[in-house]
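Naming follows writing order (A, B and C), and every chain is counted from residue 1.
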Amino acid sequence: MIFQSENLIEVLLKVRDRKPVVHAITNWVTGNEVASALHAVGARPIMAISPEEVKEITSKAGALVLNLGTPSPARMEAMLLSGRQANQKGIPVLFDPVGVGASEFRIDSSGRILSELRVRVIRGNPSEIGILAGKGGQSAGVDSIEGPPVMDWAARSLSEKTGAVVVASGPEDLIVSSEKKAIVENGHPMMGLVTGMGCMLTGVIGAFHAVENDSLTAAVSATAFFGLAGEQAALKSNGPGTFKSAFLDALFSLTPDQMRKGMKIKS
Amino acid sequence: MIFQSENLIEVLLKVRDRKPVVHAITNWVTGNEVASALHAVGARPIMAISPEEVKEITSKAGALVLNLGTPSPARMEAMLLSGRQANQKGIPVLFDPVGVGASEFRIDSSGRILSELRVRVIRGNPSEIGILAGKGGQSAGVDSIEGPPVMDWAARSLSEKTGAVVVASGPEDLIVSSEKKAIVENGHPMMGLVTGMGCMLTGVIGAFHAVENDSLTAAVSATAFFGLAGEQAALKSNGPGTFKSAFLDALFSLTPDQMRKGMKIKS
Amino acid sequence: MIFQSENLIEVLLKVRDRKPVVHAITNWVTGNEVASALHAVGARPIMAISPEEVKEITSKAGALVLNLGTPSPARMEAMLLSGRQANQKGIPVLFDPVGVGASEFRIDSSGRILSELRVRVIRGNPSEIGILAGKGGQSAGVDSIEGPPVMDWAARSLSEKTGAVVVASGPEDLIVSSEKKAIVENGHPMMGLVTGMGCMLTGVIGAFHAVENDSLTAAVSATAFFGLAGEQAALKSNGPGTFKSAFLDALFSLTPDQMRKGMKIKS
């Protein structure tokens, strides 16, 4: 295995120790969940969106998370301002193309983000990754109906086009860079039925990336950790409402040892 | 009884099977709850609000839910754009006049929505329905203090004026079309004390309407189902916080048989 | 002790009895939590932000809560419109300088609010109070890293400069007016790890102030009550997710007798 367990666990420990600030320009539907997830893992969220302050706030952050849900021209402007600032300062930029297949506006906006900014990690569901890669995939609303015909090829292609590590979340999470690949098998089916899980995962990868410069290591560690938290939450819940509470608890309390024993990563 | 239990149950089954996309232009206070409720019943929410994309997103949806909470001229523009598109395409439009009694701006905005669009279902609390009908009622903030003196008459009058099925939620839910009437006695007092319950109900009626073209059947089925979920949640909770989690669980897991045995509908 | 327990308890009883409307112009990240907390204590939240309606809505409210999270020029305009209206009508104005240290824009915005409006209560974390007072303090994102070197002096100084009662929340809550001081020792460490707790507290102080004209009494009562609810919630939760649900339950159900026996206030 190319990923050493101890290296992946160390990223979690660094997040809890250093409590990095994560600037998330996210949508107003799941913004609270993203903030709650970031707090639960020990990070410090800030969700500024005004052109008047975003550059300054990005400058002080350890990572910048851009989320395409509920897009508008004003949010796009804020994302690009912050993204350029982050690129200049060497702060990692992550992108979550929520519902990119839902409108031309989202496709154009994603195109601008990926062409004008250097993005380190792109995380989406299979259809979002397929559509961004131009390799097919079908969505309904912001949900994935069907991934691209060849998921690996689409993710690899998007990674090569953008230079980003690409995370396609699903029953199995596929994570690829231009050279490497990992499959994370942690998680629980309930995670696909709960609002905001994808947005939270991108936020958490942001927190991990704030303390770990290698994008692939940050993404694999965060994704396995997040999936494990979902497995724990599923044991303590009776549906999507109690799941969400139990999931935040698990993000907060999951131990290095539970991570060591529970991670299922193939490469 | 004019409503056959099996017909009402079939609407729930269709929602869970077809997973309709519901476009909700809603407020930023309860948007997450509406999305969570829609996911819990098996639907696919999307909350787009930008003029740049709302028409396109409405076109692909099975229902459009317009919610007056936190209104602004920009949201109004988006609602009217989406509403016209939905009307052209035959997609059902639902309207939730949150806090209509709170300001002149909300009254004017509601007037525009009801005069410029064909709305299939209006759902509000008793004072909102009374005020919209011009038949009295008193509110405080977005809560109902007192319904109109004659609730039936107000709801019937609003239905006749607009052509919409009117749902006045309360300890008893009154549902009227121009010709028919139903009273749903399911529910629990805690539902009146929890943020976002009304907004969630309107969203859920939207999901039911996306798979059932008869507005009255969709509204009665969704309202009874929603009330039953509230009854289940009350048994598993100790206050408004645990209630909300248990309520989402119940929306997710309530069975056709529980609906068959538990529905209390008078007509 | 200068605060009589029975006087403090009476404020809670009045909130539950009169159900005051609280107009909160707050951020979109924690807006739902603030509304939920207000509902849980028995108040009626309304979160209007449009210049088209904010003056009218403030006029009908019992208190106005201004929250600096996710600021923008448009929100600032709404806050100032509402604030002037509240000042004219004698409606108490409360201010929560969320993340004031995060940007120049937040510092300038806070300066405008405090110079153009008469604010009755300012509530923040130690660094926010220190920074507003110009007496030091360090923040990361919207979290406090370090209070000012002399917290008492900073809070007293801010109170003298603005005429407001100042609440610096932390492991101990310091509450000062120009002449008096109280320390509330209720609370639980989990409260510092959960998204939105500060915003909720400011909202709850608003509800208490809506029924109690003395700012210091309202702030001390609400802060002790809120801390006690946190203590109760901690006993029934396993992390930040279940804590939040249990906390809303506790706000809803905490009894006068529990308040009588549990309050820890030093002056």
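Operating definition for what follows: a residue touches a chain if its C-beta (ideal position, glycine included) is under 8 Å from a C-beta of that chain, and two chains touch if they have at least 3 such contacts.
Just so you know, these numbers come straight off a predicted model, no measurement behind them.
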- Message: With touch defined as above, tell me whether chain A and chain B contact each other through largely the same residue numbers, more than half shared, or through different ones.
- Response: different
- Query: Just how much do you need to spin chain A so its Cα atoms sit on those of chain C, in degrees to the nearest 5?
  - Reply: 120
- Note on the structure: Per the C-alpha centroid definition, the whole-Å distance linking chain A and chain B comes out as 33
- Could you tell me which residues belong to chain A and also touch two or more other chains? 28, 32, 244-245
- Message: Taking the touch rule as given, give the residues of chain C at its contact with chain A in the complex, in rising order.
- Response: 27-30, 32-33, 69-73, 99, 102-106, 140-143, 193-196, 237-242, 244-245
- Query: Contact residues on chain B for chain A in the complex?
  - Reply: 19, 21-23, 28, 31-32, 35-36, 39-40, 44-50, 52-53, 56-57, 60-61, 236, 244-253
